[in-house]
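Heads up, there are several structures right after this.
Below are two complexes that have chain A in common, paired first with chain B and then with chain C.
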Partner chain A sequence: MTRAALLSPVNKRFIKACSGTALVVPLLVGLPHILSPYWQSVSVLFAINVTLVLGYRLITTMGGWSFAHVSTMGLGAYTMAILTTLENPWSFWITFFLGPLVAGVFALLIAYPVLRTRHYYFFLSTFAAGEALRQCYVQFSGITGGTYGIAFVPRPESILGIDFKTTTGFYYLAMALAVSTGLALYRFELSRYGATIKAVAANEELSESNGINTWAYRTLPFVLGSVVAGFAGTLYGNFNGIIGPSDFTAYLMFKLVAAAIVGGVVTFYGPVLGLLFLTALEEIFRDYTDWVPLFWGFSVILALLFTKGGLESVVPGIAARVRSVRAERDGGQSGQKLEGS
Partner chain B sequence: MATILELNDIAKRFGKLDAVKNISLEIAEGEIRGLIGPNGSGKTTIFHLISGFEKLTSGTVRFQGKSLKGKRPHQIAKLGLVRTFQLTSIYREMTVRENVMTGHHLYSGRRGASASTSGKLPLFETTEESAAWILEFMNLTEDADKLARLLPAGMQRVLSIATALAVRPEMLLLDEPLAGLDPTEKARISQKIKSLRDYGITILLVEHDVRSVLSICDRITVINFGQKIAEGTADEVTSDPEVIEAYLGRPADYDA
Partner chain C sequence: MQIVANIVFLSTFYVSFAVGLALVFGVMRTINFSHGEFYMLGGYALWLTVGLLSGSLPGALILIIALVVGAGVVGTLGILLQLSIFHRLREHPFSIFMATLGLSYVLQVSVVQTIGPMGRSIPSVFPGFVFFEGMILPIQRLAVFGFTVAMMGGLWFFLMRTNIGRAVRASAQNKTGAILQGVSMNKVALTTMFVGSALAAMSGVLMSSVLPVSPFMGGDAIWRAFIIIIVGGIGSLSGAVVAAFMFGTIDTLLTSFGAGKFTAMVDALIMLLALSFMPNGILGSRE
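Showing the complex of A and B:
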């Protein structure tokens, strides 16, 4: 690659994102040391959910909101759990990559029937495919343990001196996955592939007549997003130590969809903001868990009513207002108010 | 001159409706062919059949001697047969330049262009240069960084042609390129279409504005009720009694 290509606008943006992330890393590394064990677990699950929601956002860039994401994640978890609890157990680290592969292959297999549908029908067909898969977890009890699931899943073997049997160690693993997933997907989206996926989502007919294989460019994000879900699944199952069909129900799926709606899906930080918001609600009302879905539902409705595209669309407005207040204070009676949109 | 596109007895049936009935057509390389006919006569269906958006009930379509049977639209575009849509189809939320850039999906510059279609328009090292040339050619440079949805309808139509040119066509199918334009714009776009022929691009266009069709096209094919009723030069077609009947109706029988 030539020097000019290295400094293309796309790579500049990516380098900027990387350096931005690098600034946060010390914070993320230090975080578990100031948290109680309970909040450490919350952070681990949060990091896993961030990975999950980033994969979900990738799928939404092709224009369809899948409802099979959590069941697909389960494939990662089950692959990991089955292989690491064999009589001659596999290493977690092999299953960490095998699980996502299985999830990706599943997505590729259902892509043909499911991606023929659009809009609501896509939502419904992925819901059906996801539920069918979840029923497989129940029915093939010989290998999946049926409704009881699989217990005593061993934690990953330590590498680089990090002990993943401790919550802190596992936190580093989950956070590393979330951050690298975020950066990798960001770079992917800036690439020609990402641009083409968005073009196909915006106008499929025109894209096809421009010579774009729209089928391939709809399948690609669906499969890649599912692979990401598979990664999240291996960690999720391993962190809990026990997995069952009840881990991969519509409850978690709704949380993801709600995060995507409340946060918005145009930017990368949107769904993460949404997830942060929903997790905060969940923790604030920790003693009233039955009510949490109700609060989530309300936040979805409020986000739809009062923001144009979730929390992410509010952020630039707030930023503009802060800037204008600052400008007014610094510039005296400039009188030029920036309107926060 | 060599035939570039050949329709052989093509037919399309939707349920009980015969949308297109056994039409045969040969278009020579470098020709501008007009396809006219009253509303609902099957013009757009023929476009869909050629470009692969609809499947033929029977018959064959050959482009540069190759059968297009079973080919999907993007594969047909790759062969160099590119279409535009009747209801202007653009990427509304992209800028004009981004629209044209997206049309360059198959483009790999001067060196790799032979991999797919090389097209007739000049080739450039980079996609950016090529897009700039097309924008200039279609007089869109001034609007290049505007959002496409903010352009007036006429300019959106121009943009959809520019995007099709970015695919580097050997042949263009234009579905009503002049609809909704004012007379000045019509004249300008007609001129552009003629100059595309100077680059060697073959054009088949569907159009309602008969006067423009007569002035742009080398030959005209008239269809009605899914059947070809006349074919020839402007003069031949306009004096054809069947064409006059299709457009104006049968003379009333005053004796009755």
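Showing the complex of A and C:
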């Protein structure tokens, strides 16, 4: 690669994001040492959910809000659980890559019918497809263990001296997956593929008449997003040690959709912010778990009614206001104020 | 013959549930996700009415009171929904859809917290059976069937023979054209939301006299309704009716041949096939 290509604006932005992430890494590495075991588990699940919601965000970049994401994630979890609990168990690390593959193949199979639909039709058809897949987990009990699911899933074998049987070790695995997923998807979005996907989402007819295979560019994010869900699924099932159909219900799906709406999906930090908000609500009202979906539901409604695009659209506004106030205080130029207002 | 009776019973239920959803979509161009919870509230309207009035009034009257109360309360809820969310977000139909998704969880939790998460069976309003040509027909089911047909007849009369019904149909066909003819969009939207929500509640009242009520019954029902309106063609009332009878037949046949647990998968598979070959549904028009 030539020097000029290395310093292309896209690579510059990516390197900036990487160095920004590198600043946070020490914090993320140190975090489990100051947390109680309970909060360690919460952070592991949060990291897995971040991976899930980032994959979900990728699907939304093509303009469709899937409702099959959690069921697809279940495919990753079930593949992992079935193969690691055989009489001659497979290594977790093989299933860690096999699970996402199965999820991706499923997404590819249903892509043809469901991607013929747009907007809410897409939501409805993926909703029905996902629910049918979940029914498969219940009904094909010979393989999946039916409603009881699969128990005694062994933790991953140690790698590089990290023991994944401890929560701290598993936290590193989950956090590493979340961070690398975030960076990989960010680089993907900056690439030509990412730009084309957005162009197709913005105007499908125009893209098609420019010779873009719109079909392929809508299938690609759907399948890739499902693969990411598969990765998250293998970790999710493995961390709990037991998986069943009740792990992959509309409830978790609603949490993801709500995170994407409350946070927004234009930026990468939007859905993570949304997820942080919903998880905070969940933990604050830990003793009233039955009420949590109600708070989430109200958050979704309020975010839709009173923000333009979730929390991420509020943050720049606040930042701009802070900047303009500061500029005013410092006797700054009027141009600064205009920009802020 | 028993199978035929079962097909008719199941299909009329699917019709009564899916038609309200299709009606709201036709006019508002968005899906009301909380339709399933409106249906569930209808079920609890019957539960309350039976609990309060059982024994003091004849069965038919109790059912009618439950229908009126359920339709009135939930229809008002539909109007509130129109005023609070649908009207404010009218430029963003997809946001409406997501907001109603949030609302459905709000309603579900509210019912769980006030009445309890347990499913409840409502004592039969019309006990007894009729034996006819080798069929066993519970009177309850016959009555539900009769009321559902009457409800559909009422909807047909409303849409075809009243002025406001004609305005609703006109707005569904061509919004701009309807406005140019002096149709008030606000009035049409409010009427549609009232009627659509009331239909959901009445469907709930009728069905919960046969099936147990629970706070989660809406989720099970709306899933099937989505399949029905997708296969029927979104927004098409006649398509919804045809698809409802199709799935009523398929589900009954599967159940009577001992494959009842596979209905969900078979229905979803049919939907995926229908989308592959007829993306606009049986009677849907191209968007």
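The rule we apply is simple: the second predicted complex is superposed on the first by the 331 of 341 C-alpha atoms of A that agree within 3 Å, B and C clash if a C-alpha of one lies under 4 Å from a C-alpha of the other, contacts with A are read in each partner's own complex, and residues count from 1 in each chain.
Heads up, the rule we're going with is that contacts are C-beta pairs under 8 Å (C-beta built on N, C-alpha and C of every residue); 3 or more make two chains touch, one makes a residue touch a chain.
All values derive from a computational prediction rather than experimental measurement.
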item: Partner chain in contact with A:Leu75 - chain B first, chain C second, else both or neither; value: neither
item: Which of chain B and chain C A:Ala129 touches, first, second, both or neither; value: second
item: Which superposed partner A:Leu177 touches (first chain B, second chain C, both, neither); value: neither
item: Residue contacts with chain A in the superposition, chain B compared against chain C; value: C
item: Touching partner for A:Val257 - first (chain B), second (chain C), both, neither; value: second
item: Partner chain(s) touched by A:Met62 [first = chain B, second = chain C, both, neither]; value: neither
item: Which superposed partner A:Ala195 touches (first chain B, second chain C, both, neither); value: first
item: Partner chain in contact with A:Arg116 - chain B first, chain C second, else both or neither; value: second
item: Interface residues, chain A side, partner chain C - complex; value: 65, 110, 112-114, 116-121, 123-125, 127-129, 131-132, 135-136, 139, 250, 254, 257-258, 261, 290-291, 293-294, 296-301, 304-305
item: In the complex, chain A residues that touch chain B; value: 195-196, 199, 202-203, 205-215
item: Chain B to chain A touching residues, read off their complex; value: 51, 53, 72-74, 77-78, 82-85, 89-94, 102-103, 105-106, 116, 160, 163-164, 166-167
item: Touching residues on chain C, where the partner in the complex is chain A; value: 30-31, 85, 88-89, 92-95, 97-99, 101-106, 108-110, 112-113, 117, 219, 223, 226-227, 229-230, 234, 261-262, 264-265, 267-269, 271-273, 275-276, 279, 287
